[in-house]
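Provided herewith is a single structure, encoded as structure tokens, for subsequent inquiry.
Letters A, B, C and D name the chains as they come in the text, with residue numbers starting at 1 for each one.
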Amino acid sequence: MDLQRIVDETWEALADQRGSGTPARYIPALELVDPRQFGIAMATRDGPVYCAGDADVPFSIQSVSKVFALALALEREGPALWDVVGREPSGNPFNSILQLEREKGVPRNPFINAGAIVTTDRFIGDRSPEVAIDDLLARLRLMARDEGVTIDTEVARSESQTGSRNRSLAYFLADFGRLLNPVEDVLSVYFRQCSLAMSCRQLAESALFLPFDGTDPVSGVTMCSPSRARRINALMLLCGHYDNSGQFAFEVGFPGKSGVGGGILASVPGRASIAVWSPGLNRAGTSLLGAKALSDIALRTGWSVFSGKLPEI
Amino acid sequence: MDLQRIVDETWEALADQRGSGTPARYIPALELVDPRQFGIAMATRDGPVYCAGDADVPFSIQSVSKVFALALALEREGPALWDVVGREPSGNPFNSILQLEREKGVPRNPFINAGAIVTTDRFIGDRSPEVAIDDLLARLRLMARDEGVTIDTEVARSESQTGSRNRSLAYFLADFGRLLNPVEDVLSVYFRQCSLAMSCRQLAESALFLPFDGTDPVSGVTMCSPSRARRINALMLLCGHYDNSGQFAFEVGFPGKSGVGGGILASVPGRASIAVWSPGLNRAGTSLLGAKALSDIALRTGWSVFSGKLPEI
Amino acid sequence: MDLQRIVDETWEALADQRGSGTPARYIPALELVDPRQFGIAMATRDGPVYCAGDADVPFSIQSVSKVFALALALEREGPALWDVVGREPSGNPFNSILQLEREKGVPRNPFINAGAIVTTDRFIGDRSPEVAIDDLLARLRLMARDEGVTIDTEVARSESQTGSRNRSLAYFLADFGRLLNPVEDVLSVYFRQCSLAMSCRQLAESALFLPFDGTDPVSGVTMCSPSRARRINALMLLCGHYDNSGQFAFEVGFPGKSGVGGGILASVPGRASIAVWSPGLNRAGTSLLGAKALSDIALRTGWSVFSGKLPEI
Amino acid sequence: MDLQRIVDETWEALADQRGSGTPARYIPALELVDPRQFGIAMATRDGPVYCAGDADVPFSIQSVSKVFALALALEREGPALWDVVGREPSGNPFNSILQLEREKGVPRNPFINAGAIVTTDRFIGDRSPEVAIDDLLARLRLMARDEGVTIDTEVARSESQTGSRNRSLAYFLADFGRLLNPVEDVLSVYFRQCSLAMSCRQLAESALFLPFDGTDPVSGVTMCSPSRARRINALMLLCGHYDNSGQFAFEVGFPGKSGVGGGILASVPGRASIAVWSPGLNRAGTSLLGAKALSDIALRTGWSVFSGKLPEI
């Protein structure tokens, strides 16, 4: 398969729709992003990253960061992480507090906000917020093979200022005794983690460990064990799009995690990691063009974890 | 891979645990089944079905039947089915009515009981209950290539007598105007569908369409389109075990659907359909030994939709 | 106080608004009632019943019947009734099933539908549905001192035909083992009880036991103990209007129970029982004009259980 | 009636049970209170306050303060207060966040914690927290005719330190845009208001406006209009004990508001205000001995807003 051509054709087929959907508006820094931007990057075991459009423009990865935070929290905490966060779809929106009350402060999974806050707390562990953030950045730069991965401090400050709902969730967790660190420390890392600025290319490269059993097949760097990579893929498929995960699994057919900044990171086991980005969101808060692009790539490549066709090598 | 050996070794590794778990006790017919029975059957594109243990003993397939009902309802109704039933995980137990009230009588997915009742109603369509049941039986016999598939009328009668919760769900749906047929007609089909008696071998054979894009690769008989087969696989993976689907996706790694009779039907895309059966259930209502057997087979074969290892052919 | 004049003035002040609000439309028999009818009847210890407007026109009392059913179920069952039905406001609409699931089939109070169904079941006890209905009618005729109290069998039939939600609630209760009698038997009494046809005059007279500690001060007939009369008054105040009880307590200031047929029965402890009727309902399902009339009477008489002014005798 | 004797007899009848129930333990300052203390104070229009036991020992009034905050917020804000807080029973525990999410951040009533936080915010209005607290203290000292009313700053500090759940509720409200002031400002007043230290005598005296239409009949000082006093009484009866309000209305028969410090303030319209205190709580978080004392007083006096017996003057 000519993957560069598939990426190009997908981009071109959708280019006319650039600007559709509604960008997130809850913080000025996101609102100001040019909504007509649209990038695709696909990384495979073969080395080159197949890119199209604005694949080198950094954007706010937001909830996509939860995937990396999960991998790193599992590394620090091991299976004990599952004592404080579940692994089941929630059946509720990403910022819901309903289930959290009924289930005594144990969030359903690491991808809803409450679960991500607990995950970040465990990633911090007994370190200071600054040390934890430095560690996160260092790991992402290593995986992306790019020192350009940064945190957008303007976005982080805005997130903190407008973060009443996340603050409410965090204090709720604290009330149930689920946090090791003070709420404001956890949030200071959480808001910065969500404010990571990365391009599609950086994102696709840094996530190559997901479709390849935990080890980047190009650099040989290991992020996690094969079993953990499979676990994260499973969680992405089942819970990566909150209340819209079924629809996504349906239309795309492989694991993905969306962010409100318009990015989506997808993992095609044994094949590729794909990052797409376009700021306009659909009703479920997922990039409208991004989801279409992944669906289109799935069609063109025939990649689907649910398909009976044996993939060509 | 020597699949017969894998099936045998899996069976033997777990044989000592036969009788563990708690069989369903809500109707006498299920309670009387010998809890030490344990069968495995794996069907592949190659023709022979690899069996072990009680693979030829018929058992009550219960909720496993929802998979077939879904395929057949989609055939009759097309995408309009999705107007009355959703495709998202529910985050609630199989018989919960909570979400149904909040979401105006549209069940979350076709595998929770309310969703299965709606699905059965659409499968009946404008036919009589008897015609619908005959159609269902004929289709299953065709797919299983075995005229021995029957309905256990004793189980069906017990289901109807003790079915207050399902009756409540059905009247709830009727109150929201979601049913085409009278409640008692729908239930009479639903209870009989759940009372289908099939062996692991019959089940595995009749479900070969799932891992192979809708068409049984041995008989060449088509049950549904490739796209619908992928959809059903996706729903099985995301919602096939109710509130325990995440855990199952985690441990087994491919789509499955469990029944309270102790059967589990699994679909390994491109590889095999597998039916396991042992009456003792775990807390989530899934066969304890059955889930272990599938997990064991996944380990021995390396089959997982989340794994990066390219499967050997 | 000249109570006849107060009743007349209240009626006249609101007469122009006859026909406002929306009559219940879920069954033909209710839809056909002339929406411009408006009656008031007030019964006191002094004997005469002060009436205005359509006070002698029988109407479908619907949920007002739950008050009598409660008194009679308490008589048969004693405090054991409280094992199967609670005494707290529900915070949910009258026909909600949400709380019922979370609270294992014990309805919050006897005035939401599920609670009323349980109450009716206990009132039936070990008798046949026909014997129970005959008993109910006999008691109401005795209390109303009027043999004209009847059941509108046309309404009862319609209720049963359209009663999917109540049927769903009843089967839900049955599933939790909360009913002594078969669901259809309980519903056959419940639907007939709701279909009692009574005039404001009959209703006010038959409820004189409520404001006077259980015994009708005119006839001397005892319906229940003083303590039970106080209990029923308390439940009416706290739960008599479902999710609108706070608003009613606020605006009217004494216990009341509304029905979807447009009737409201109020009890002013130590003073009077008042029945008002007008078919048009407000958003909360309470008679629009009826609630205004009671609020007006409260203002004109100064009657309020929350007021510090000692009532003149 | 010899009210002093009734108060004395009630105290004596229960004295043996002092120390029963479980004192609140979530902050050290409450845990350290001697659990065997038990006081009663009853204030009437006649001037003297009838006291028994530890009626002059100040205790932390906690949620009882919500009654005063409501009166003062209504004074500042008028009926516009009801745009941001409801007047219906919640059907949920005092600190539940469930309903708040479903109802878009409008708390059910001013007595659940979320509703009290909104009420305090409106009481603060455009003033600084310090000015608001000074105002609250001045008003309570005026109503209690006692300059000894103070805030226990040790309790206030502990409340703030352990107040994660209230902080979560407040940020949740802020997220829905329901607060005028910064969360920490609102909480600083809220925690101090809950930490008011008052004796039964002070509490009974300062609440005399409730049973007497808004104006203290002894001092002649007006706290609010007759209509508002009735409203507050209604809210106390319907919502004063959270999920246990029905039970309290049942057993006691007049409006009351409990606090986790073991105090209960009751209002008997036209008769008296009564404050009782004993630290041990029942399961519902209401003073065990306090509730018994009020029930006992109700029995001895015959006072009940649901009784048909005309009170003697």
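Here, a residue touches a chain if its C-beta (ideal position, glycine included) is under 8 Å from a C-beta of that chain, and two chains touch if they have at least 3 such contacts.
A quick note: this is a predicted structure, and the numbers were derived from the prediction, not measured.
Q: Determine, using the mean of C-alpha atoms as each chain's centre, which chain is farthest from subunit D.
A: The chain farthest from subunit D, judged by C-alpha centres, is B.
Q: Let me have the rounded angstrom distance from the C-alpha centre of subunit C over to the C-alpha centre of subunit D, please.
A: About 32 Å separates the centre of subunit C from that of subunit D.
Q: Please report how many Å separate the Cα centroid of subunit A from that of subunit D, as a whole number.
A: For subunit A versus subunit D, the centre distance works out to 48 Å.
Q: Using mean C-alpha positions as chain centres, tell me how far subunit A is from subunit C in Å, no decimals.
A: Centre-to-centre distance between subunit A and subunit C: 56 Å.
Q: Among the residues of subunit B, which are close enough to touch at least two other chains?
A: Residues of subunit B never touch two or more of the other chains.
Q: Please give all chain pairs that are in touch with each other.
A: A-B, A-D, B-C, C-D
Q: Under the stated contact criterion, what part of subunit D meets subunit C in this complex?
A: Residue list for subunit D touching subunit C: 86-92, 99, 108-109, 211-213, 226, 229-231, 233-235, 237-239, 243-247, 249-250, 253, 255, 269-270, 304-311, 313.
Q: Going by the contact rule at the top, pick out the subunit B residues touching subunit C in the complex.
A: Residues of subunit B touching subunit C: 96-98, 101-102, 164-165, 167-172, 174-175, 183.
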